[in-house]
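Residue numbering begins at 1 within each chain, and the chains themselves are lettered A, B, C, D, E and F in the order written.
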Amino acid sequence: MHEFYENLFTRHQETHDMPSNVRIWEWARNVFRLMFPERNSKKLLSVEAVRATFKIHENELYELLLKSKDCAACDHAKIVRNFFHALPDIYQQLLEDAQAMLDGDPAAKNLSEVIRTYPGFLAISLYRMAHQLWLDDVPLFPRILTEYAHERTGIDIHPGATIGRHFHIDHGTGLVIGETTIIGDYVKLYQGVTLGALSVDKFLAGQRRHPIIEDHVIIYAGATILGGETRIGRHAIIGGNVWLTSSVPAYTTVYHKSQVKFADPKIGL
Amino acid sequence: MHEFYENLFTRHQETHDMPSNVRIWEWARNVFRLMFPERNSKKLLSVEAVRATFKIHENELYELLLKSKDCAACDHAKIVRNFFHALPDIYQQLLEDAQAMLDGDPAAKNLSEVIRTYPGFLAISLYRMAHQLWLDDVPLFPRILTEYAHERTGIDIHPGATIGRHFHIDHGTGLVIGETTIIGDYVKLYQGVTLGALSVDKFLAGQRRHPIIEDHVIIYAGATILGGETRIGRHAIIGGNVWLTSSVPAYTTVYHKSQVKFADPKIGL
Amino acid sequence: MHEFYENLFTRHQETHDMPSNVRIWEWARNVFRLMFPERNSKKLLSVEAVRATFKIHENELYELLLKSKDCAACDHAKIVRNFFHALPDIYQQLLEDAQAMLDGDPAAKNLSEVIRTYPGFLAISLYRMAHQLWLDDVPLFPRILTEYAHERTGIDIHPGATIGRHFHIDHGTGLVIGETTIIGDYVKLYQGVTLGALSVDKFLAGQRRHPIIEDHVIIYAGATILGGETRIGRHAIIGGNVWLTSSVPAYTTVYHKSQVKFADPKIGL
Amino acid sequence: MHEFYENLFTRHQETHDMPSNVRIWEWARNVFRLMFPERNSKKLLSVEAVRATFKIHENELYELLLKSKDCAACDHAKIVRNFFHALPDIYQQLLEDAQAMLDGDPAAKNLSEVIRTYPGFLAISLYRMAHQLWLDDVPLFPRILTEYAHERTGIDIHPGATIGRHFHIDHGTGLVIGETTIIGDYVKLYQGVTLGALSVDKFLAGQRRHPIIEDHVIIYAGATILGGETRIGRHAIIGGNVWLTSSVPAYTTVYHKSQVKFADPKIGL
Amino acid sequence: MHEFYENLFTRHQETHDMPSNVRIWEWARNVFRLMFPERNSKKLLSVEAVRATFKIHENELYELLLKSKDCAACDHAKIVRNFFHALPDIYQQLLEDAQAMLDGDPAAKNLSEVIRTYPGFLAISLYRMAHQLWLDDVPLFPRILTEYAHERTGIDIHPGATIGRHFHIDHGTGLVIGETTIIGDYVKLYQGVTLGALSVDKFLAGQRRHPIIEDHVIIYAGATILGGETRIGRHAIIGGNVWLTSSVPAYTTVYHKSQVKFADPKIGL
Amino acid sequence: MHEFYENLFTRHQETHDMPSNVRIWEWARNVFRLMFPERNSKKLLSVEAVRATFKIHENELYELLLKSKDCAACDHAKIVRNFFHALPDIYQQLLEDAQAMLDGDPAAKNLSEVIRTYPGFLAISLYRMAHQLWLDDVPLFPRILTEYAHERTGIDIHPGATIGRHFHIDHGTGLVIGETTIIGDYVKLYQGVTLGALSVDKFLAGQRRHPIIEDHVIIYAGATILGGETRIGRHAIIGGNVWLTSSVPAYTTVYHKSQVKFADPKIGL
């Protein structure tokens, strides 16, 4: 037992000091709430107060990066500058995403409902913020942000993925979008869709292993699309529970047909 | 950048004041814990204390509704009265749901385990409370409640759905039940089941777009059943991963057969 | 209404006093953080402090068990002793699991990323702790721990399952592993996989109802494998969305082939 | 050192289980806020809600008493009944006290300022509640309540003291009122006044050891009045810093005259 | 009893909505910590971040004032502007106060100890902020701030008092400074000093009722100085426990001489 | 204004990083609760758990010292070792102090009441812990601990003072004990007593400036005793409100006699 304690003690000394996941989540949540006050009880009463709140979040990000030993070689100031410089465009994209979710879901009553309650909106928001940090090679933070969204929504988007505008996630639980996926504009994904890798040997790290989804594609619940060579052409519709490891041309519909048999239900399946 | 700050400032002024999601969740959680003290460390020591606690929750709901500008035209007192008047029946239904989950799951040891640990029980509880508010046309609150359940359990039940008694959800992650779904009594659903819409064009809002599931139906993991014309007859069994867009008669078993091929596993899939 | 209040009052009196779910979660989280300081901001500065922290957690578990009326007949001291005696091996297994997840996922950069952000790692950690309590017949606690993991990760592993070493969960949302499942070493499971029961009649409680997965098996996203007689042979590969209710020999590849049809996308599916 | 640990361990086992000071404070604070909503952000929206909140606090007091082993022989139900039966009169007295403080202090602007900010008002409120419990021989709770007030205000009133109506405390820091003190109506006390015991030998426990202060007396800052035989007659005025161990007739003024000397201030005092 | 509930209900409806004391305290504490980072764990990493934090606190004060119905007729924007415009000078005065406390107390090791631990420093800081709000006729807030200081330090300074520069409070518990007191520069006050009113009839409200203390005066522990006509001349020294209701010329020393008698200590006092 | 921001920014950069007052208070409070479980809801269930909890607090103190830049030159390990080595004796002294307070106060019912509710007991406890750190020249921590007690109790004991055994504080608000005071055994002090310095010129720092109080002395409320040459002989009794700047022989009684005059109370004082 003593050896075990010594092992843990060694680990405790070796472990890189780093801001806790919780602090990083809070930072991102605060930026998110600033952009979408529907999720935020604090009302800002002047343009100056808005601007000041951004500065505070800049200071906070800078401090989080400084404290992260994994990021010792980072250009902290540049990362912060780039992130907040990109934020107006991220905000614009998120408004379009919310609009896409409102337009595409008959159950949605108004934009406020989407912003306050749609898990897909939370997930794409955290992804878009995380992706900006990913582009500046910040270690660990981007993944911590998208895993926070994963935990809260069941939607697992790797921060390295590339996702176009007017993106619509419906329901979303179980959705997986891999690191090198490329998704066009006006794409709509349902719950349980996987955009994954065919083979996951470690030596492929750094290469494209995930599919390309072109503009205006719809992929229904539970479909699994794998592989770096797989490309789903524009305006294609992929039916639910489909399993696809090869490309599909534009304007195609792919579906999966179940066999229906009359059987004695007592036997069960 | 200044324009961005001004946009956000304008949004901050326009945003309807409304109780935060967190306060609405807490209200619902408190009502839930009052009915199921297994989830609640506070013990009430007299009938009077039980009754008083209900009154407190009535007051809280009334205040939440009053503070919600989206609900300015609501008859707040009537909503509150209806909700708490319906609660004894909701409670009875939830006890039956818990019993159904206990009866249908060999791994369940007793009712207490179901109530304390089954995500399906939490999800159906929040749905049944949210549905009552939905019936009284309360805006946003019902969805906030079911999305809270969605976040905690991965079970996404729209508050507008109609669900019968003795409802059994097993595991449940990824389960989706759409707005106009109708589910009978003694139905059992597994994880990853979608009861969704075939087509989700916005102009269908308000019409039935989701299937009807009759009494005693069982639907296994990952099955996807879509469309407002689709009706699953009583005592039907739908196998896992099935994709269904048309009706199925009573007492039918539908299943999905995978092809099994011997292949060189080195090639992968 | 008065009758309803009286019912609830009776329930409040009958309900077994027991530590709240939250306290039990906190205990487990503290043990977990002690082993993996990457998830813990408190640094222990001596071997003595590590040892002492274990003692504190022993005291806490003992107190939780003592306060649990369901566990009145337990040998509390023995449960505590066994748990902490087993912990060094659990820790070793978890390090191997983390290594397996790092080796098997090209997107993973280092062990620290796996430990801090992979939901599969959190889920297997709570399962391994819960399983040890399960082996000592502790009521309710094991399920409370695995449902905590389920809530946070969407990964639903029953504490009674048997899982070998070098276990790899990728993404994981929607994964279900039933009570009597047996899983070998070096197995890799993706999101949405169900290892479930064919028939779930209550009278089968206590019998094996779930499959056996041998060493080195890979099961892709959305596959459903059911039944106590079902055995997946070693080195088999089960493709995504496959539905399996019978055994598969070693070194087999099973996959599911979707039909691809060109269709007028306006018709939808 | 081991012996020390064993001592503490023994103490830990022997220590009576009892609700923590913090829980008892919270109960009292909640009752206080219910009566004085100026100190409470939660608004009650119906008479029913007011009544229900009282019931909740009754339940809470009952539970606190039940959990207190020192109070095993108490008639818990009677204590609770008496306390809440007395509350309307306590409330009335506190309104009069607040009015007295408003009338007597030119700096006070309105009743709301007194209720929200005057430490004397907080102290007399907790005293009046504690005194009611004292009358029913509740152990420890009364002292815990008045020491809470002592900690927050520096005003130390023993729960056993008897205090009349229209009581005015100004500033109040350092005020001490002993266990067997009797104070009439319309009395006004300043900061630093001591109404104490002349001799505090243990064998006097249970006897009157503190002075009697008749109606309409004013006692200025820093006066010390001691002894169970000491009686301050009605309408007497006791000057600041006076030291009194014998009685004073009605309508008397007692003051303390300092010697004023011209001296070289470099010497100091 | 029902009448009591109705009374309380009426009070609940009548009570002015106002930000809670706690929120007002937090605002002031945050401004204080921004000026004295020794009391604040959050480090600001750029001048911009400092400026932004001020803006946030401006926004917060503005919101607090807006929400306060007592302040409906206030010019909220002007109050905020004046407060933050005055802050640099308040800060300068507080630095001088801290220096005065360091210079005058041999036990003080350095400025950091004064700022972090001296109750006098906390009290004068909250007074100086409260006084600025008082000058702009803000209702209730100033008193809430100084009573917060009173509660934490036992030092009770009315926000209406006028206090010069280089002010030194030593120990301070029980110190009372009334509403119309005027204190010069380089004054030093010990614990238990009262600068109060001789007569406190309500009709004197608005008139000067408290003494004038000129520059360089020292007043020792427990001295009581009363009356609007009382003026303590510059460089006077007032001994401990002195009771003064008339003026004292400059450079005077006033002290109080106790009688010392040999007595049989068995008799006690 | 910009200059002000720059000043503050500079201060923010210069400020020594140090654990917050709150963290240091929590450490001390935890040690205190471990010794006096009456103030602690967590029950330790084995000697091992007691020992382990001490180790945790050792680790915590060590970490706090390490993080304190003011203590960069400290021998952290030695300070921690000495503190916990001294703790059994501190504990013994505190038990004696509690017993002294019980014996000397007729209002005290039992030891538990003293430990749970007497501010004097809290103050002497924090003093005795702080004094041990003071003996090892730890900067700032000792004062932070005694000021925490000062804030909660109004009792201001400098950590450098020397205090004997069986020490009794009654009520205590406003009590001040200076840095170089020496107090014997069985001494009893009331509220508002000052043991202070006659002259507080900075150049006296490091010299004895405060009185010596021999064994068995009693000092009543509001007495002020000043000066490093002042010695109060054993068994002396100092009456309330006395002002003393010179020594008093053993077995003396010193008291203060107020003048009592009949006067027209309408004139006031």
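Just so it is clear, a contact is a pair of C-beta atoms (placed from the backbone, for glycine too) under 8 Å apart; a residue touches a chain by one contact, two chains touch by 3 or more.
Chain labels with UniProt names: A, B, C, D, E, F = Serine acetyltransferase.
Note that the structure is predicted; figures quoted are calculated from it, not measured.
Note on connectivity: the fewest chain-to-chain touch steps from subunit C (Serine acetyltransferase) to subunit F (Serine acetyltransferase) number 1.
By residue number, over half of the touching pairs seen at B-C are also found at D-F, the match among B-D, D-F or C-F. Centre-to-centre separation between subunit E (Serine acetyltransferase) and subunit F (Serine acetyltransferase), using Cα means, comes to 24 Å. Taking each chain's centre as the mean of its C-alpha atoms, subunit B (Serine acetyltransferase) lies 56 Å from subunit E (Serine acetyltransferase).
We define each chain's centre as the mean of its Cα atoms; on that basis subunit A (Serine acetyltransferase) and subunit D (Serine acetyltransferase) are separated by 59 Å. Across the assembly, subunit D (Serine acetyltransferase) contributes residues 43-46, 49, 51, 54, 154, 173-174, 192, 220, 222, 226, 239-241, 255-257, 268-269 that each touch 2 or more other chains. Applying the touch criterion to all chain pairs gives A-B, A-C, A-E, B-C, B-D, C-F, D-E, D-F, E-F. Note for the complex: subunit E (Serine acetyltransferase) touches subunit F (Serine acetyltransferase) at residues 34-39, 41, 43-47, 49-51, 54, 85, 87-88, 91, 103-107, 109, 112-113, 116-119, 152-154, 170-171, 173-174, 190-192, 198-199, 220-222, 226, 239-241, 245, 255-265, 267-269. For subunit F (Serine acetyltransferase) in complex with subunit E (Serine acetyltransferase), the residues that touch the partner chain are 1-9, 11-13, 15-18, 20-21, 70, 139-140, 143-144, 147, 150-151, 154, 156, 158, 160, 173-174, 176, 178-179, 192, 194, 196-197, 200-207, 209, 220, 222, 224, 226, 235-237, 239-244, 248, 251-257, 268-269. By the touch rule above, subunit A (Serine acetyltransferase) contacts subunit E (Serine acetyltransferase) in their complex via residues 43-46, 48-49, 51-56, 58-59, 62-63, 66.
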